[in-house]
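Naming follows writing order (A, B, C, D, E, F and G), and every chain is counted from residue 1.
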Amino acid sequence: MFRNQYDSDVTLWSPQGRLFQVEYAMEAVNQGTVTVGLKSEDFAVLVGLHRPYTEMGVLQPKILSIDSHVGISLSGLSSDARQLASYLRTECTAFRHSYDTTYPVSKLVKTLGNKMQANTQRYDRRPYGVGLLLAGYDEVGSHIWQIMPSANVFNCKAMAIGSRAQSARTYLDRFKATFPFCSKDELICHGIQSIHQSHFTTDEMRVSIGVVGKEHPFKILTNEEVESYQRFCLFAVNPDSSQDTEIDENQSNQSI
Amino acid sequence: MFRNQYDSDVTLWSPQGRLFQVEYAMEAVNQGTVTVGLKSEDFAVLVGLHRPYTEMGVLQPKILSIDSHVGISLSGLSSDARQLASYLRTECTAFRHSYDTTYPVSKLVKTLGNKMQANTQRYDRRPYGVGLLLAGYDEVGSHIWQIMPSANVFNCKAMAIGSRAQSARTYLDRFKATFPFCSKDELICHGIQSIHQSHFTTDEMRVSIGVVGKEHPFKILTNEEVESYQRFCLFAVNPDSSQDTEIDENQSNQSI
Amino acid sequence: MFRNQYDSDVTLWSPQGRLFQVEYAMEAVNQGTVTVGLKSEDFAVLVGLHRPYTEMGVLQPKILSIDSHVGISLSGLSSDARQLASYLRTECTAFRHSYDTTYPVSKLVKTLGNKMQANTQRYDRRPYGVGLLLAGYDEVGSHIWQIMPSANVFNCKAMAIGSRAQSARTYLDRFKATFPFCSKDELICHGIQSIHQSHFTTDEMRVSIGVVGKEHPFKILTNEEVESYQRFCLFAVNPDSSQDTEIDENQSNQSI
Amino acid sequence: MFRNQYDSDVTLWSPQGRLFQVEYAMEAVNQGTVTVGLKSEDFAVLVGLHRPYTEMGVLQPKILSIDSHVGISLSGLSSDARQLASYLRTECTAFRHSYDTTYPVSKLVKTLGNKMQANTQRYDRRPYGVGLLLAGYDEVGSHIWQIMPSANVFNCKAMAIGSRAQSARTYLDRFKATFPFCSKDELICHGIQSIHQSHFTTDEMRVSIGVVGKEHPFKILTNEEVESYQRFCLFAVNPDSSQDTEIDENQSNQSI
Amino acid sequence: MFRNQYDSDVTLWSPQGRLFQVEYAMEAVNQGTVTVGLKSEDFAVLVGLHRPYTEMGVLQPKILSIDSHVGISLSGLSSDARQLASYLRTECTAFRHSYDTTYPVSKLVKTLGNKMQANTQRYDRRPYGVGLLLAGYDEVGSHIWQIMPSANVFNCKAMAIGSRAQSARTYLDRFKATFPFCSKDELICHGIQSIHQSHFTTDEMRVSIGVVGKEHPFKILTNEEVESYQRFCLFAVNPDSSQDTEIDENQSNQSI
Amino acid sequence: MFRNQYDSDVTLWSPQGRLFQVEYAMEAVNQGTVTVGLKSEDFAVLVGLHRPYTEMGVLQPKILSIDSHVGISLSGLSSDARQLASYLRTECTAFRHSYDTTYPVSKLVKTLGNKMQANTQRYDRRPYGVGLLLAGYDEVGSHIWQIMPSANVFNCKAMAIGSRAQSARTYLDRFKATFPFCSKDELICHGIQSIHQSHFTTDEMRVSIGVVGKEHPFKILTNEEVESYQRFCLFAVNPDSSQDTEIDENQSNQSI
Amino acid sequence: MFRNQYDSDVTLWSPQGRLFQVEYAMEAVNQGTVTVGLKSEDFAVLVGLHRPYTEMGVLQPKILSIDSHVGISLSGLSSDARQLASYLRTECTAFRHSYDTTYPVSKLVKTLGNKMQANTQRYDRRPYGVGLLLAGYDEVGSHIWQIMPSANVFNCKAMAIGSRAQSARTYLDRFKATFPFCSKDELICHGIQSIHQSHFTTDEMRVSIGVVGKEHPFKILTNEEVESYQRFCLFAVNPDSSQDTEIDENQSNQSI
């Protein structure tokens, strides 16, 4: 493999004005399993795919609770995500202590982004190797934010990151106009369906689901709830979704 | 690609007295979409082009509000810009707290420049990878400042930076004599028109617009306002601007 | 040996988004002797294999006591493990001092993970070169956690790490459905048996055993107790386990 | 280009006892446009040439005011100059605050030199990339100091630095015997004339002019004043100066 | 000599999960002269071989007293050993000051190990280049600990380190079953004998001897005492030991 | 040019026990113009040669006043010298403030030497690139000290450093027996004469002269005084010195 | 010269367990002129050889006074020695201030050794490039210590270090049995004689002599005293020493 001459340090610009080390860290996100986030007016939902069952069946948490109004799902290095979650929890606790209210979601995200930006500009650290989708609900309404190793943060209506996220994004893009009016259950079904699009194996699909919304503190569903949703959604939606899938596969022949 | 021997560190001079890492960081500005700033006697206007719609349609903010009398538009790494905006906001708040007045724009810009200069002289950081146009209004009047990764700051009447900014600058240069006497709406139209010059695709053009002026706190226009301006300006100005464009294209055959 | 171009520093991403230095540190775990952990509802058991007797017969401790409700077994660099154990003990003592109760196991593990994560992101340290299995018992019940140099922590029902751990994992996987209902003695026998699977030499096998559980503070068994268990378990289980082993070997022809 | 083996670090001596990085930083001065300083007994004058008009016509300040009795002109990196000017202003304010008088010019210059010297001796910084001419007036009289990236400071009667400064120095050298007795206007004319010598293009010449002297606080002339001086001086002096120029060109064939 | 590609830094893992710099530091121990430690129930004895007499006959101390209940012998860099001894003495004094009792030996050793571990994980230090045998006596009984540059510490019944320590270990291994019941004099004789095994030259053998035990503070024997022991032990044991030596030499043909 | 393999860092020893970076810094002294120092019982005199007149005729100070009883002349980097002079002045002021007396010269010199020694032993600095001759007068009498980049300090009767200092040293060596009994004027003449020996060009020689002595605070002579001495000394001494010079040239054929 | 691959850093172990940078620093000692130390029961004497007279005849001090009961002679970099002497003086003063008695010599030496050890283990410093002989007298009696760049310290009866120290050591070794009973004058004569052995040139030999002892504070002899001793000792001892020298030369043919 040819060694790029400007990728040895995060503080080194290439002549074209690129930071290769930051771009490589972005690749770590693509090695994680897919996770999606989507929101209606009153709810924000995260759905994350687990790796196929291996021996011993140990599960890394895919969705982490941050505060009563915020949760994240991750794709990439889970130890980096845990460290960032730890930071977010401390921030939320400190804010609640100081102001006696929940940390506004946009402000929380930007605080996180600034912390991550520092790691793209200092020679003795590395950029974080994880992408996050953050679901929150505050006075402004529901939120889905995408946070990347480049320290970029995006305010999204719906988003999918991770391995083969393209298929999920194609699904979300097709239905996103309807999301604002979806019920919580419909949002969850769309999330499950979109991940189903990017799940190319015949193995049973294991997902985690987190929900937050109006008068609904962030909650990670139990295995039983998840299974019940999976049965319900894939059965309910698949019939006409199977057509969608055909269409999608045609599309994917073109776009992937 | 041939490796320049003096570009491995921001603290390394080439024998010709150049700092290559700073020059490479300047290239990051050229990879952002174009943004323009222009001012009349009473108003300063920022207009920034968004990337063409991609799937999911997530927009990165192109214009950021700093204080009631200052806003910035950016071209380059948006996470670097967010961090600098954060710094500017803190400075403005601290100044207001200490002196009970707004931070004079020129002084604010130079404070920012000095912060950015440090990153061009220390080996363990990298120069910022973003160019900013800053619009402000204070006792002295309206301001447009250009701030570059080299830490150079320029006091401009009108300026365009980013990818294909040359076309926009050519437009601005042609009309700049008339700007001091323009109304707010005319300034905005000139801004939209100048960006239109550098927009070579047939895709619909999405822009953000920020305005500050006399008795007019800095405001980022809503999508509806922006669309209304776009309809109005491109219709109103295009007829005779289309001739200009022809002329411009001739010019661009020569000068670009 | 070909030198990978992205493995000189823990802060250096490869173009594929990997951190080679972290992956190499994981190899240090595979150079240690095997250790297993497994749990029933009321007990968590650690069993670790010692290196074959060498001259002078000095034994490095394989299992370390942390607090009355927590113990660890290790595979890899024992000096790194001792330093981490030291950290865990200090944390537990400080927690007990502040809150007058034992440190919840999950929280303790994540605190440890965050400490180890820092060493995967700073250029002037190296990732720890040791894998740990942590057995604990608190209000939530019994715990087996796996902690790796990558700073990943896994909540396991049963796990084996170290040299030839695959055979032990295969054994554990086969019986794990029965573990929740096992008595303490049965758990210990399963642990000894699973290590026996990965012990390919004819030398006598020396193991250490640690147990914690309901109303059973963490205790490392004496040599006499260990020998008595070894005699009992290998005699009791081997007859039908010998068949299992045959099956296992067939399996291992496929899966290893 | 051949890589010198001793130019990779400002702290690295070559076997001949040279510091190449400092010498390279000196080259940055030669890339700036020319600036001259000269003084009579009662006045010190700075004249600096601006880059030829480019599109948009943005001017970088060439002369900066420091205090009521001191100003500087620069050649090289303007962001470095701004940072140094910032330092000088802080020093002057602090001095005035402590002693209720203006900072003696020689002492101010040496304080600046010591600050710049540190950057030629520490490995994690780079030498400043700018040369300064400092004009001041204090109890001792008028001053022109030259301050270079090597941290050398020179007490001059007249000096020119920057691109093609040689021609300007030749002019100044010829007339310097008369400077002590010149009026303010004559000094300014000599300054404009000397820059005219090094201005080889047919473009109109844009200069900035700064003056300080006895009962004359440092002042940067307005554009109108500058233009009026340019008209007056080049008309008044050119006739006989044109002969000088011929002579000078002959000389330059020899000496340049 | 071929340069290993992963041995330039103590923080650099090889792809096989090894730390070469730590392994190289272990070699420094093998360059020291041999030293042995052994213990009965009530006594712990250290015997160390001095380098053959050179001109001027200067002796580096081979055994160092730490506290009334602890002493060490060393093999490797004596300046590193002196620094570690200094640390141990300070620890013992501080402990006595705080708790009014002697520092428990196991705890003291682990504190030392943790200090040494830090030097195997930080890039700006090197691992210590000395191996220690530590003899102590506390409430638990007598102790012999081996402490290595890798920061590993071993609780031993008897041990030998340094150049040609293999022969001494072979001797100790043969007799170690009898050590617990040995008198102090017998222990010393075994120590002298074991070193005699690894002393391949015809030069007279000079050793230092340190003893600690029940109601016997750590004491380094005087030259006279050492010589008297040497005469007594080598005379007393040699006759039948000479046979052992023959056997040993046969063994050494096999095992060394 | 062949790159020496041990000259990349001031902290790197060559196999022969040399520090090349320190030796290279010594070369910087040889690139300065010559300066001499000499003393009688009651006076110490410094004489330094300026570079030949160049265009604009700017003079760098060659002799610097430190305190009423101490002055220095320099050869090498003048910005380094200015920084050291600054340090010496601060030390003298602080000493006077604390003890109400002048800083003893020997102690002052050694304090300076220790400061300079640090720069020969730390990797992030470079050795100073200047040699100093220090003249002082205190209770002990008159002093001439030589201070070099290696941090060596020499107590001299007379000394010359800088480019072609050999000729000056030869002169001083010849007459040094007479110096203790010289008058101030005779010392100055010897100083001027010795520099004249090393001044091989036909250009007029410009020197600076500093004198300190009994009831004679350190004083740098005015240009008029210097010129008067030059006229007097070279006239007075040259007649018989011309013979000396012939002899000297013969000698120099041998010794230089 | 072939570049050793493990000598670039003092923190880098070679595969054989050596620290080359420390070994190279030891070479710096061999480049200094010879110095010897020897002691009787009541006196310790240092004698050091100066470099042959060069032009100007400047002498670097070879023997330094530390405290009333301690002095050192040096071989190697004198600026390093001066810095260490400075450290020793501060230690002695502080000790006297705290305990109102002189610093015990052995403890002082070990404190120095620990300071020097740090420079053999930190990457940003270099080992000291000087060897010291330290003479002292305290309650225990007279002392001669050798202190080397490796931070090793040796308690000696007599020792010689520096260039051609081997000859001096041979002399000292021959007579060392008689030293304990020598008078002060006899010790000095032996010191002068031993240096005479290693002085291979016909130049007159210039030495410095320092003496400390019972009721005899450390004193560096005056030039007159030294010359008188030189006349006396070389005359008195040479006759039979000339025979010794013949023998010695024969020996040196064998042993050097």
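The criterion applied here is as follows: contacts are C-beta pairs under 8 Å (C-beta built on N, C-alpha and C of every residue); 3 or more make two chains touch, one makes a residue touch a chain.
If you're wondering where the values come from, they're calculated on a predicted model, not measured in any experiment.
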Contact distance in steps, from chain B to chain C
2
Between chain C and chain D the C-alpha superposition rotation, given in steps of 5 degrees, amounts to 155
With chain centres defined as C-alpha means, what is the inter-centre distance between chain B and chain F in Å?
57
How big is the gap, in whole Å, between where the Cα atoms of chain C centre and where those of chain F centre?
71
What whole-Å value do you get for the distance between chain F and chain G if each is reduced to the mean of its CA atoms?
32
Could you tell me which residues belong to chain D and also touch two or more other chains?
10, 123-124
Round-the-ring chain order [start: chain F; next: chain G]
F, G, E, C, A, B, D
Residue ranges of chain C in contact with chain E within the complex
1, 3-4, 7-8, 10, 20-21, 24-31, 55-60, 76-80, 82-83, 86, 119, 123-129
In the complex of these two chains, what residues of chain D are touching chain F?
5, 10-19, 110, 113-114, 116-118, 120-124, 146, 150-159, 169-170, 172-173, 176
